[in-house]
């Protein structure tokens, strides 16, 4: 039987648009906008100023805090601005704007380190930190922080998340098909860095070619196992994945390390492999550009900081009237109001939905059908939480575990009354967190 | 390119496409099966009753909403479902004006006084039915015999008074006295299976309801097959106990609901004054539903067990 | 007078006054209450024994029996109370019986709490009259030799059962055909 | 014997529920049924007092009022005074032995004196000729029936907070209508127990 | 003074506005004459108690005032109970224990404690009469609705024709609650003020 979790939904996946399309390298952007905050944790401090010349791979943002990751230039050229710019995550964020010189010169400091076999765990961790590698599934948690559990916490299992359960997205899928060895190498590096002997690569069964490629890549490897998962959203949610693979449950309010597990995205593993093989920090990534209003959906290898407008243009621009531009997948992605936001480390895809596909149905009263209850992968009562949130009953919402919501969107997706449950619960979470800070 | 205005609503950005209206009309569709059996056995009179009751229900809803100055939402189909369900719960020979009273009570006292769809604590159709049963007991217990059109007793009444069972085949097909839509177990099960298949009802409530009745019948020395097939049990278990609005939301809650309804049905049938207890039992469990919901909040993922 | 003594004095005074007032009211009303009860009983007895004008009470075998006589002193029948358990509470029935003829002379429902419009219709003559002249040897089975009320089966059954079972005792004391 | 006691319980909880079928205790039923927590507290407190009252009423009736022939005219006065002092006493004792328990339902105790179920139970015991054990069970059943009614109503009322009750019906009106529907449902138990 | 009288009849009508003392209003209201009888019984107890409480307000120490009021109320209730038993046995049988239960009818203690114990004798009488008659007309109205629909009669006289189908529910508990709820709702609509439920104490 395929491994999975309880709850979840089966939305139409729409992955056929791009799943057979090999990754294309995007053309060099004329200009990149690199936000100093692309990760969970403290923003970076820009260490370049207007007029400076930078090269590809050069560090331009310094991470001073422990929970942070440095940021590097993704092209060579001249810094034309260091100022707040619109961020795909919302709001204005201090960003470094680099005008390309067209040469795409590599920074001199970048050299391939020793092969993995000769690297010590601390060297690996340091390399990961210096390469600015963060979780590339979207959350953007600094990877090296994850690999350094505080004393007293032991890790015994590493899981590579290759589920890619979000509809439309195929970036990880293509990565695993085309560069399976990189994914495996990244996993090996993590295992070595943490001294863990058990590694799993978990993939939803709707990606048979990726499963085949990974199966081949791990044939000669000890301690690495392939796990086939049922196709269900949100199979790739960290908690759901851990539950499906190990049967363990991350305690409420806790982290995967509380159940001795580290989960890393397949893309993150490939970035680690890249750093080990070439010494190159994280300056580019694969993103799926897709949707009903994109002329030529593609999987593109893009430089971090490339504006959305340029990326969409490379895919033939809009087809018909675009209603919604989303960074990420349709379930958890963020809708964008403008196109001059840049792609960041966590941009797994850009989804453009045609105006007709945007659901703007009128909300009707809850009929207590409990579809949301059945769909919730955390086993919350979204309908009850939604009612509390609508009336500002934050204490009650907290008692009903609003803070455990992972905002996967399943409840709102299934709601026949079209109640924006996810949004309501998010609102409750914000209020509860704000009250806690006081 | 920059002049595009994009919609920036919050995630998720896609929707299952399910709607309240679609659910209601599917339920109404499934109800057509037992309704058809009723019309077949009891004739045109049954059809008239269904139409009148449904019209009365829809009209009451519209009038109530109009009076309150609220948008009229009769097209969501919930009043239609209530109307049809109520008709299926009435004796085929009931005076039409009584059916209209029942429908008006069902929608007004059963639903609109609480604010309309989704807010009613009790199943409106059953409120209408029980109201009629208590208000006009004589007319509500005058049953037509489908074979010759004379008045007769239902199998449950015959069992209660004379201790005589009825042929299983007759019970299964519905060729017996009883409410318009409750006699044909076959058609009800067919409709129920359709709703189960479509995911519009949940198996736990009818499953545990029928199971409890069957087990208790065996324990108390009755014929379980007779008890399952007679009276309004099948119709209640598949179409009324499963009403989303008035049943618990958690899985455990649904199980408790089913078992509770089963126990009360058996108590009323075997020991009570009424030959039938399905309506009362379901309504009673409706009343318990808020309490059940309160005490069956599911253990969430990762919740630390209280020691 | 300090606070506490005052409290006690007031309370006691009010209690005594209340007690006195109540005792007085009781003295005034009690005879009337007794009279009412007696009257009600007599009325019921006269009603179930046609022709009776007077009654005497006898206690036999744990039963209280009322013997009805006309003005000439001719015994017209025996009346007794029985209680059935109805749909929603006890049903008190006064039953008239003529041992000589072995027949009931009438029944009267004294008190009950059956459903209005349904079970409560056992009070109506349409139901009670059928017992007039009914042989005590009958089975008293509803729908067989006792007419029932549409929609209500329990209440008539309760009445029939109560009469039948108390008749068993009464006919032992005053056998059919015997004198009384 | 056991059967009779069982019937008394079933009768007073379901068939002749004190609120829905005997119309008793409506004031507290309206007043404290808006939250399940308070409903449970009030129910527990009332059940406790009712059971004690039933015992007390039995003794007063059989050992004071009847022997001295005071029953017909001092019954009401003596019962109500006993109930009032009993409630006071319970309040003091509970406060002394368990402050936690006092916090749980102590605040409801003063409201119980005017709950007509209490006096009604006291008056019904002589009327029904119950013996001591039957009286106790009757009091207990009355309390449990009242508690059940309160809990059901409070659950529905809590849900109603999220509803959209017409303005004119807000407050007691909708509670009465809901109580009417509940009373209708409880009629389903009619004839359940041979009384 | 007139104001005190009208207050009970309408503004603070115990049944429809304050919504207290409703047990009897639900229990005995199956026929019009029951409503009138119960209303008069309560008015008697209420007025007598108010008079006495108002007279004794300065004599009774405040610490024992509640027990004193209760004794006063219980005494008058017993008197009503005895007299009804003696002179109206049929009515008495219908009312059952709801006559003795006037003792714990919140209206009486509410007015004794809340009004009579503070106001002059005249005003107390006006208030008690207003409240009592306010209670009386309210429950008589409930009784009339239930009687007409339930029995087809008004004060015992057939008015609905021979073919009238009795609405049995009206004579049963649910009918009482439903009629009460609907009437309170209608009163809310007439006065356009949300009802305020006065707690007993």
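In order of appearance the chains are A, B, C, D and E, and numbering begins at 1 in each one.
Rule of thumb we're sticking to: a contact is a pair of C-beta atoms (placed from the backbone, for glycine too) under 8 Å apart; a residue touches a chain by one contact, two chains touch by 3 or more.
The model shown is predicted, which means the values in this text are computed figures rather than measured ones.
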Would you mind checking the shortest number of contact hops between chain B and chain D?
1
Counting C-beta pairs in contact, which chain pair has more, A-B or C-E?
A-B
Most central chain, judged by mean Cα position vs. mean of all protein Cα atoms, is B
At the largest C-alpha centroid distance from chain A we find chain C
Could you tell me the distance, in whole angstrom, between the mean C-alpha positions of chain C and chain D?
31
Centre distance in Å when chain B and chain E are each reduced to the mean of their C-alpha atoms
40
Chain A-chain D separation of Cα centroids, rounded to whole Å
60
At which residue positions does chain A touch at least two other chains?
365
What are the residue numbers in chain E that touch two or more other chains?
67, 71, 74-75, 78, 82, 168-169, 172, 174, 178
Of all the residues in chain C, which ones touch at least 2 other chains?
18, 22, 25-26, 30, 87, 115, 117-118, 154
Given the complex with chain D, which residues does chain E contribute to the contact?
19-24, 26-27, 66-67, 70-71, 74-75, 77-78, 81-82, 97, 100-101, 103-106, 109, 169, 172-178, 180-182, 184-186, 188-189, 194-197, 199-201
The residues of chain B that touch chain E in their complex are 98, 109, 131, 134-137, 139
Would you mind writing out the residues of chain B in touch with chain D in their complex?
68, 109-110, 112-116, 119, 121-122, 127, 130-131, 134, 264, 267-268, 271-274, 277, 279-281, 283-284, 287-291, 293-294
Complex interface listing, chain B residues touching chain A:
1-2, 4, 6-20, 22-23, 73, 76, 78, 115-119, 202, 244-247, 249-251, 293, 297-304
Of chain C, residues touching chain D in the complex
18-19, 22-23, 25-26, 30, 85-90, 115, 154
